[in-house]
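Input: structures, listed below.
Next come two complexes built around subunit A: one with subunit B, the other with subunit C.
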Partner chain A sequence: MEHQSRWFSLFIHLMALLVALVILAPLAWLFVMSISSNADLSAKPLQWWPNEVDLSRYKALLSQTDNSAGQAFVASLFNSIKVAGMATIAAILVAVPAGWALSRTPQLGWVLGGIIATYMLPPVALSIPLYFILAKFGLLNNVFGLGLVYLSILAPFVTWLLKSGFDPIPRDLERAAAIDGARLDQMLRIVILPLAMPVIGTATIFAYLLAWDEFFYALLFTSNQEAKTLTVAIADLAGGRVSDYGLIATAGVIAALPPVLIGILMQRSLISGLTNGGVKG
Partner chain B sequence: MSTLELREIHKSYGSFATLKGINLDLESGEFLVLLGASGCGKSTLLSLISGLSDPTSGEMTLNGKTLNGVHPKDRDIAMVFQSYALYPNLSVARNIGFGLEMRGVDRSSREAAVLEAAKVLQVDHLLDRKPADLSGGQRQRVAIGRALVRKPQLFLFDEPLSNLDAKLRMEMRSELKRLHQMLGVTVVYVTHDQIEAMTLASRIAVMREGCIEQLGTPAEIYNRPASRFVAEFMGSPPINILDTHQLPDGLEIAQGASFLSGLSASQPVVLGVRPEALKPTPFEGALQWQGVVDLIELTGPEQIVSVMLNDTRVTATLPADLALTIGQEITLFVDPNRLLFFDAQDGQRIDLCARQTAVA
Partner chain C sequence: MFSERISPRALLLMLPLVLVMIAVVGWPLIDTVRLSLTDARLAGTSGAFIGTDNFTKMLSGRNFQSAFWTTMQFTVWSVSIELVLGVLVALLLNQRFFGRTALRALLILPWALPTVVNATLWRLIYNPEYGALNAMLTQIGLLDAYRSWLGQPGSAMTALIVADVWKNFPLVALIALAALQAVPKDIRAAAISDGANAWKRFRFVIMPYLIGPLMVALVLRTIEAFKVFDLIWIMTRGGPANSTRSLSILVYQEGFAFQRVGSGASLALIITLIITVLAVAYLMIMRRFAGEAR
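This part shows the complex of A and B:
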């Protein structure tokens, strides 16, 4: 592909533009909706760009007046951050040793099969037992309870991802460290984990997104501002008699911000984690 | 003084026995090479000594202290890996000093030791780099430096040169030898390369199917191989193996190409003779073998010549300046003392007194 013709390279760029357009168009429309007035949104023919920028919905959603829609929304935003954050951190803490152990003991391959099998189970199959377990421990409508449920979803996924991340790290490095006199924790901390950092970063982002986007369990196991997460709160906005599509779009934009922020922060590790599996000694 | 002692070492994986009773004594300052084809158990033996795996049975002691059940870090042993196994995220200096760091040596004496080892290995200008920025030879030096800096009782090398290209491998080989002469350390070195074994070792243990086939100095291994296996494993081009036939008054070689009168073997034997033992010029007491030149391969300093003796092909290394053509008749002269005899069945070397043979 050294000598592409000009037309070919033009074609490539056009296609890339097209793909970008397809991916970005819904997001752009989401944003446009969030700043359009209701009149503009219901106008026929459709207004592609609002006559005036209307930020009232952002104000409404972020307002802290008692018993307002804003208070409930902000509470759910923080609930989401808490639940997804706790579940992700716990999942990484569980999955790093588990993934490493699985990677270094091929005899345990069947465990990995079991892990993937649990991951394949549809959530609805587990919802009733989980409900009873949470009820028994008094963890219904509780961020810790929901975090625990999310941990059970994230841990298998992250373990599996990290196992394949540890696989390409040569075992000779561990042998050398053992002969050099490193204890297990030193070996992991100084030698292995720095090399696995890109994969751990990738796993963190995916786990966080998975927890952030979860709707089904959150709907079942939470009932009010105490523990309700963003996905449920957004659904509530659509549940009234009149649906304010602009408001839902605004909530969508705000809900997208934290993951995007994390994505940007961890972009470098994400990219190297996805492309670079090998470790050159 | 004996440093490392191995007594009846066995290692099995399930029902498969990798090592079947290894006995070995290592003198202090010795350079022992474990030589063998892949799968002969030489790397397994090395990992047992290093403590990375445990023997199924048998005893190991280092300077009188048992090694059985002792963690690798407490064995006072250093190892250089085929893959170098440098920590990619640490600088060269930290790689070399890692063992000292883990043993809690304070910073200033650590830095001094690292610098000293780096100077010996000529990598002192690379201390701030990461392993990825080094060439293969430099990585190898750093890996050796990491082993060296701790001044362990015993060095283990696991095919350390096989990832290098041919030229670099020769350089590093000489350097290892020089290093060993300079520091007088005790080394166990695993390789499948017989040239490395010959050039480096003070003693070679030729291994085969989990047993030590022969243990001896390079000269012993080469000139007095214990078995046909050892004889064929050592030397390039490989040793010639010729069929013999017992006649009432002597031993006939290669369907009558030569005859050793007065020799009798109690069992069927084959004859082995090194290619360089076949000479183009006559000398006192030599056997004469007549044949036809079949193939000539010039290596530069010499030529490898295939000669047909009746229906048997033998290889001779002859001087390059000897003018030969294909199909030409040639007489090869052999010192009878350099003939080796092996049992045709089990391959063990047999001493037949071949001194007073007359030329047929």
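This part shows the complex of A and C:
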């Protein structure tokens, strides 16, 4: 290994500490805001650590009293879970066969190019007609309608991810199964799916996180508790009449919790997905 | 090679995806083209054909030009800072030090944080009366009086770029780190024993492994940054005085706030065209590096 002088080693450790601070400080502050009383948050000089831990916002946001801020927030939480869930399941269902076909048919390379280009399309390019289509079918402000719209992002993304994930799975197994006279559905069920399960699992998580994050379409196509998602609910809090900054921070913590936990727990497969998926064709 | 014919089975497997894509992407995209040639409004009239009027008006208008330069400014600054910072942090993580695994684990956090939560968090940090940035800077003596960071055209864009960089440089760092770890140890050792200095080792030993993944990260980040909507909408809504109004925000205003669907559609197509050029660049880079890998 390279020779490391003591000064160099000290420098490296200091830099590492600095990077850790830069990453952690804003996140820690979001959490501290969520458990600080209003008096502490508006004190000058600012109170960096609360005098008393105040969990009242968590209670308020998760309470189910009629017409409370909590009721609207919990409704948006469930809407997000539903929309992201429906869109993810539908995307996986269409993307698994398509990703497999693309992986096994090099002649379809141009189709893959088209799918990647579709994923990169700006949402504004589709937003106006999608609005008219949803209006025509009575699907504005509807979780099902929003889930359908999310397919425009998730389906190409998942197909792309699955195609590169399927590529390393050896073809000999399919050939052997075909020689043994397996039908297409048998081959998929018995031979391919068990091998492809880890790849499909990672793709499912990526798709769910992508849908959980989505804001633009949700802002355009939802208007109240019926379908409003968590991201729109947070934007309402942040941009609206609420002057309780701790409450806004609490909503942020709750919305961030599922993806951050998934990020920490699934780190290994997510990082390899992120670094391979974007680099391989 | 295999025969040129594509098996019917492959086409059958593609069918569900193709049908879905026609319904939620193909049809709307074609309809955007149709709308861009009309003077349609969001409510009521379906609009009359007016040719390319929307495009000429849009391209020569002040709003488009200022939004274009605002978007470029945001994109170029965010992406270049993210790339430089990402590579530096990756080089750091490639060294041996105490807590290295933990630091690498931390990098996933900003990536996992939803964009909307990130924007909200920074909006709170920049708050003119109670924000942490004002408090911190005054407490260490760098600032005399609290400032409205998002309320002044001079600092609003910088504040947005900082928020974007914080969320996205870790992803670039992770990609660059994966590339660095692909550099064979014996080549590095050989370069050292041949007396190559740190810069030469970086330029001639490490760079060849880094450049491909970095180009991919560059194009992907550029496309994402060029589409920016969420971050700006939540932090400034395009203000103050339209100084942070990006192209996507402008489409939203034209099409939905002012209900001028026709001109909104024409603007959306102009953005799409720019993104398409970037996407083609991406595909060409991928093809080139896939070719080299063989």
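Please note the rule applied: the second predicted complex is superposed on the first by the 231 of 281 C-alpha atoms of A that agree within 3 Å, B and C clash if a C-alpha of one lies under 4 Å from a C-alpha of the other, contacts with A are read in each partner's own complex, and residues count from 1 in each chain.
The rule is short, and it goes like this: contacts are C-beta pairs under 8 Å (C-beta built on N, C-alpha and C of every residue); 3 or more make two chains touch, one makes a residue touch a chain.
Because the structure is predicted, anything quoted here is derived from the model rather than measured.
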Exercise. Thinking of the overlay built on chain A, is A:P122 touched by subunit B (first), by subunit C (second), by both, or by neither?
Worked result: second
For this session: Figure out whether A:Q186 sits in contact with subunit B (first) or subunit C (second), or with both, or with neither.
Result: first
For this session: Once the structures are superposed on A, label A:F137 by its partner contacts, choosing first (subunit B), second (subunit C), both or neither.
Result: neither
For this session: Go through the superposed model and pick first if A:R175 touches only subunit B, second if only subunit C, both, or neither.
Result: first
Exercise. First (subunit B), second (subunit C), both or neither: which does A:F78 touch?
Worked result: neither
Seminar exercise, completed: Of the two partners subunit B and subunit C, more of subunit A gets touched by chain C
Seminar exercise, completed: Contacts of subunit A common to subunit B and subunit C in the A-superposed view 279-281
Exercise. In the complex of these two chains, what residues of subunit B are touching subunit A?
Worked result: 50-52, 71-73, 75, 77-79, 81-90, 98-99, 102-103, 131-132, 139, 146, 150
Exercise. Of all residues in subunit C, which touch subunit A in the complex?
Worked result: 2, 4, 6-7, 9-11, 13-14, 16-18, 20-21, 24-25, 27-29, 31-32, 35, 42, 89, 92, 95-100, 102-103, 105-117, 119-125, 127, 129-130, 132, 135-136, 138-139, 166, 170-171, 174-175, 178, 188, 192, 212-213, 216-217, 220, 223, 226-227, 229-230, 233-234, 237, 247-248, 251-252, 255-256, 261, 264-265, 267-269, 271-272, 275-276, 278-280, 282-283, 286-287, 289-290
Seminar exercise, completed: As the complex stands, subunit A meets subunit C at residues 1-2, 4, 9, 12-13, 15-16, 19-20, 22-24, 26-27, 29-30, 33, 41-42, 44-46, 90, 93-95, 97-98, 100-102, 104-108, 111, 113, 115-118, 120-133, 148-149, 151-152, 155-156, 159, 184, 209, 212-213, 215-216, 219-220, 231, 234-235, 237-239, 245, 248-249, 251-252, 255-256, 259-260, 262-264, 267, 270-271, 274-276, 278-281
Problem set entry | Residues on subunit A engaged by subunit B in the complex (per definition of touch) | 170, 172-173, 175-183, 186, 190-191, 194-195, 279-281
